[in-house]
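The following pair of complexes shares a single chain, chain A, combined with chain B in the former and chain C in the latter.
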Partner chain A sequence: MTMLSQPVAGDEPRNPLFDLAFQAFRNPSVLIGGTIVAAIIIMALAAPLLGTVDPVRIDPGMRLKPPSDLAWMGTDLFGRDVYSRIVYGARSSLLVGLSVAAVAISLGVLVGLVAGYFRAMDIIVMRVMDGLMAIPTFLLAIALVSLTRASIGTVIVALTIPEIPRVVRLVRSVVLTVREESYVEAAISVGTPAPLILVRHILPSTIAPLLVLGTYICAQAILIEAGLSFLGTGLPPEIPSWGNMISEGRTFFQVTPRLVFLPSLFLALTVLGINLLGDGLRDTLDPRIAKRM
Partner chain B sequence: MTTQPPIVDIRNLTVSLPIGGDRRSAVEEVSLSVSKGEIVCVVGESGSGKSVTAQAIMGLLPKTFARPSGAIMFDGEDILHTSTQRLRALRGRDIGMIFQEPMTALNPVHTVGAQIDEVLRTHLSLPSDERFDRVVNAMEEVGLPDPSRLYHTFPHQLSGGQRQRVLIAAALILEPRLLIADEPTTALDVTTQAQILRQIRDLQRSRGMGILFITHDIGVVAEIADRVVVMKSGRVVESGPVHRILTRPEADYTRMLIAAVPTLHAARPEEPTQGPLALEVNGIAKTYSVRSTFGAAREVVALKPTSLTLHRGETIGVIGESGSGKSTLARCITQLIEPTAGAARLVGEAGGKPFRRRIQVVFQDPYRSLNPRRTVGQSIIEGPMNFGASKADAWAKARELMSLVGLEPKALNRYPHQFSGGQRQRISIARALAMEPEILVADEAVSALDVSVQAQVLKLIDDVQKRFNLAILFITHDLRVAAQICDRILVMHRGQLVEEGSVRAVFASPSHDYTRRLLDSIPGRQVAAAA
Partner chain C sequence: MLAFIAKRSLAVIPVMAVVSIVVFLLLRLSPGDPALVIAGENADAASVERIRMALGLDQPLVSQFLIWIRNMLGGDLGTSIFSKLPVTELIAQRIEPTASLALATMLFAILVAVPLGTVAGATAGSWLDRTLMAVSVIGFSVPAFVLGYCMIYVFSLRLGWAPVQGFTSISEGILPFLRSIALPTVTLGLAYLVLIARITRASVLEMMGEDFIRTARAKGVSERLVITRHALRNAAIPILTVIGIGVALLISGVVVIETVFNIPGIGRLVVDAILKRDYPVIQGVILIFSAVYVLVNLAIDIGYALLDPRVRY
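After this line comes the complex of A and B, so read on.
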């Protein structure tokens, strides 16, 4: 045997995923969106440390007070501190957004992998998904809330169900492409069992597009939750949430517009941040995945 | 040899690569010229800068490249430093171009006639019936059958060879003085390639235009060139008349290129010493049924019932063009797809070894057969670990195999994109060998590689066959490669086995008409015969 040959490029083992992550952080959308989202998350987690008072404590003597040293964003109809309610409201919004994204993606990945890889399952699974997709989110939420009682769990379930088919479709389309790659055939021919092929060779290709889809689902869930709460079919009124605050502030909009504007501002900022993050990730990870959604 | 003034004269062309590339410039100090009525072949392996040279003439260099230096004189006008408008006027009218991939060069939603017509509409103002006549004439000239009907067809309704003819018609309709052909026959089957090459040659003769023909295939050079320019790593290594270059090359690199072209001489002895029977394929067949939502199922026969036997230590070549069913045969045998009828049986003492350990596959595309997200080590140990090997044992084995296939064992923790095509194919071979198989199926395993690399990988396959007494089923479209490595060959045509025999017998006296046509179509066979 003659001299052994060296790899042609690079001295270090370089995982292509790390390169991508590095590129993503140099994208301005990712930077700005990421900063906004990080700030809101920190705000939600550190709520008790940010000089807040109990957001549900009612003080009839402090009704509709303008901003002051005691309550620097003023108080609402029941004398509750608006600043504290906004900070704690971030918890509800993020909890709903992240849970919906997490649950929809986990279930969607599972179903999508099976539908894409085992062709016999495909027709049945996809018809069920078409059915789910036809359910209007608002009607489902209203129905669920009137069947059970309003709670965060009900809202999450109602928002998750119509999102699952979107995840399934995306995952299935990735699986259909990747399963034709010859490295998947190579894995089959060295005897790798199907579940391992799915996890080892196909699942990693879905991560980038799912990251992007996840941000959109999260942003949409936050918006719809606010909408449901505004209509009174979302979170119960005792939980501070931006949607509830806007709904309650509506009656006194002429007198104290800040009761509507302040929570709206935070809602818009959060959704904008998440969407910016998603757009930036999409552009750096793979410009083509935008077409598949 | 012509003594006419050159149509295009490239002087000291240098195109710098963006910073961070693997070398400073794509082409460096390249000078070459094409005169009226001659075909100049630029030959070189991948990365030699031959396509960049062609793109520079057309002004079609990718935007990431810096402005080239040097001069490209077209009829006494420096087109390297001319305006975009002027270049646009030259392209199509005075310089025609044809590309490698005829499907992607045509727009799928316009009829082929309209696409040829577009050249006329851009450069001339003629009434539409006159344009129609000219398009039909041009299509007739490149040998397209029934041009006034084909005018209204879409690209996907034509064969690969017909599509390339459409592109040639479009490139030549304005009678350019220079035609640039960038690997125009590489994506085509060998019999189609022979027809297209003859067509280009005839058109060039009758029109007296100059052609700059870019190719990686010395056989094609021998077929078509008047003069040859050999390029390597962006520089001209050698240039001269075709006869001199092919018979008395001066540069070592040219000699190596010519020597690496497989000849048609059977490399193996007529009567090989046969080992025990390893594989018995009995009437294996594959039919696909295409079912539309409402309507009856339509059957497509990919492989008609085929039988073969393969012994240890023996290599059988399965030869055929695209659509011949050769890959379907390989995939049926390796149980990657379910055959509709018949079966492949592994013969010999199994010793309890499961099917997947006894037969292994090396795939065609070295860029797609390794998972880009896993280190090559992980890819190699995957198989043994599936069958219960401990991780330490599998790694030790992988190290051993890496040196066996000629790679540094330390490179096991690198990712596939850090290796060259030839190196990746070595890794794929190591992955197959890790299973300690008795049978190796190589599906076009060297087709995507440069000739010099191809020769090395063929030698490696030969070595490991001797070392492990492997039975090899070698699928290829290239008769020259098959002659190098096979004991027997099977010729397939339209899903059917049409001829079978030893390499010598089949090449010396082909009995089937199709085999004769295949043999006649091999580019540069006279040179190969003389060598």
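After this line comes the complex of A and C, so read on.
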């Protein structure tokens, strides 16, 4: 790290963001995690090109077939191709994980900036957040899903709500520190309007910790979605998702454990990749981030 | 000290107030008519009306809330729509398996994680530390239900060491009881263990650099005592805090693990209630679980104010 930050003679001053990215990719966690995540994303995007068949096509003549040339990961209870379902399942998991992270962060930033900057709002907002955080995430999510007909949208909303307080707390803690900095005081003293101060002078400081928190939320959301689907209260059964596959597979677990283990493997690998990426980013971007989470 | 305890205890009130408002609104703000949802799509108008009356849905929102709060404070969490039994009774019937599992898991996780994390923190950078950190990322990434199936596959189906599923009450003998909760305990405990071990490691590591550690070493205190009596003791607050926060993890885990191992506890109760949309049961269980979480954390906060003279708020 010291080597990188020392200016080399004759070197043009480089973009600090570029430096940071360069540093991040030298971290083994970022490298391994990033590679896993990139592979899963490519798999999800290129699903139709990867030798898959229709993941929802039911073939009663092919029920519970072991791996063969026709279906190299075998078929499930309804004769559907396990390999194709796993590849398409990556789409559901990533869609849920990324959407939850994006929505929770957007809403959390908005609330957090306001709560941190305007003292009057702070007490009320933080009490509400404390209350929300006291409800176990998983229970709040299943209760929310159970209220409506299950769809990918309702699952995303249900997983987002319990994650918002974490974002709010993080953003608020950054705002509380940064607003005492002299450059913010300077901006206030020249009469910069509050929204502009928030966006131009305070928001940038939240980006690095939010990037890290975002990876954790994404991983958490993927795990909870799988858990919900496993309990039969998550994504509708017709959507190929790893949680749904595990849930359907558990009936025949003693006979064909691979129906549980194969999707589980991809699920765990994806979450592992995202967590590694998050840990690595946390360590390279800013060591102080760990204290806030 | 008393003032702190009083102040900290009073802070529970707004939190639980928000929890109860959220839990109350869960049912009331759901899109569509909850009475219709509960009655099912094929119900006739009379039975929908009956459910609406039974739930007090024909009254204004604020008075519904007040009635609900009054009942709740009086220990009445409502009545299950399906079994017609009071929610408190349903929970009481199911508390033994869940409480046994939760306590066993806490005990297991703390007893393994604290020594492991301490050694890792005191020998940061060693192979043990690196292995622990690597395993801990995996521990966070494998969902509990997946781990549960791996456990069942290896220990029950292949080795036959434990029953595949089910729960044996402690009243039927301590050994069958322990056999029945061993796998669920380890499964549920892993994520919790990893969480505690990581924080223990980080806080012990931080303490190892402090002046008082150098002083202790300089005056010839053995390394073992330096670590346990000086480093670990001073690292206790973050460790206790994370044990409290981790209770949320435990509660979420219980819900899933009871399904995997077919344990008839509160987790199973709420999952069944959710599948049947038995709202009073869902509300009651969420409320109880949240209260347990809040109270455990209250106890921990008061605990370290009592134990650590430096803590003053």
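Definition applied: the second predicted complex is superposed on the first by the 274 of 293 C-alpha atoms of A that agree within 3 Å, B and C clash if a C-alpha of one lies under 4 Å from a C-alpha of the other, contacts with A are read in each partner's own complex, and residues count from 1 in each chain.
As a working rule, a contact is a pair of C-beta atoms (placed from the backbone, for glycine too) under 8 Å apart; a residue touches a chain by one contact, two chains touch by 3 or more.
Computed from a predicted structure; not experimentally measured.
Chemist: Now for A:201: first (chain B), second (chain C), both, or neither, which partner does it touch?
Modeler: After superposing on A, A:201 lies in contact with chain B but is clear of chain C.
Chemist: Looking at A:67 after the superposition, I want to know if it touches chain B, chain C, both of them or none. Which is it: first, second, both, neither?
Modeler: After superposing on A, A:67 lies clear of both chain B and chain C.
Chemist: Examine A:144 and indicate which partner it touches, taking first as chain B and second as chain C; both and neither are also allowed.
Modeler: So A:144 only meets chain C here.
Chemist: Please work out whether A:257 is in contact with chain B alone, chain C alone, both, or neither, and reply first, second, both or neither.
Modeler: second
Chemist: Of chain B and chain C, which one touches more of chain A's residues?
Modeler: C
Chemist: Thinking of the overlay built on chain A, is A:192 touched by chain B (first), by chain C (second), by both, or by neither?
Modeler: A:192 sits against chain B, while chain C stays out of touch.
Chemist: Return first, second, both or neither, reflecting whether A:237 touches chain B, chain C, both chains, or no partner chain.
Modeler: Neither: A:237 stays clear of chain B and chain C.
Chemist: If we overlay the two complexes on their shared chain A, which of chain B and chain C does A:223 touch? Say first, second, both or neither.
Modeler: The second partner, chain C, only.
Chemist: Touching A:183, do we find chain B (first), chain C (second), both, or neither?
Modeler: In the superposition, A:183 touches chain B alone.
Chemist: Quick check on my understanding: which residues of chain A belong to both its chain B contact set and its chain C contact set?
Modeler: Chain A residues touching both partners: none found.
Chemist: Quick one: in the complex, what on chain B touches chain A?
Modeler: Counting only chain B, the residues touching chain A are 22, 334, 336, 354, 356-357, 360-361, 363-365, 368-375, 379, 382-383, 386-387, 402-404, 406-409, 411, 413-415, 417-420, 423, 428, 431, 434-435.
Chemist: Report the residues of chain A in contact with chain B in the complex, numbered from low to high.
Modeler: Interface residues on the chain A side: 1-2, 4-10, 13-17, 181-183, 185-193, 196, 200-201, 204-205.
Chemist: Contact residues on chain C for chain A in the complex?
Modeler: Touch residues, chain C against chain A: 14-19, 21-23, 26-27, 30-32, 37, 137-138, 140-146, 149-150, 152-153, 157, 164, 202, 248, 251-252, 255-256, 259, 270-271, 274-275, 277, 282, 285-286, 289-290, 293-294.
Chemist: Applying the document's contact rule, which stretches of chain A touch chain C when the two form their complex?
Modeler: Checking each residue of chain A against chain C gives 127-128, 130-132, 134-140, 142-144, 146-148, 219, 223, 226-227, 230-233, 246, 250, 253-254, 257, 260-261, 264, 267-269, 271-272, 275-276, 279, 290.
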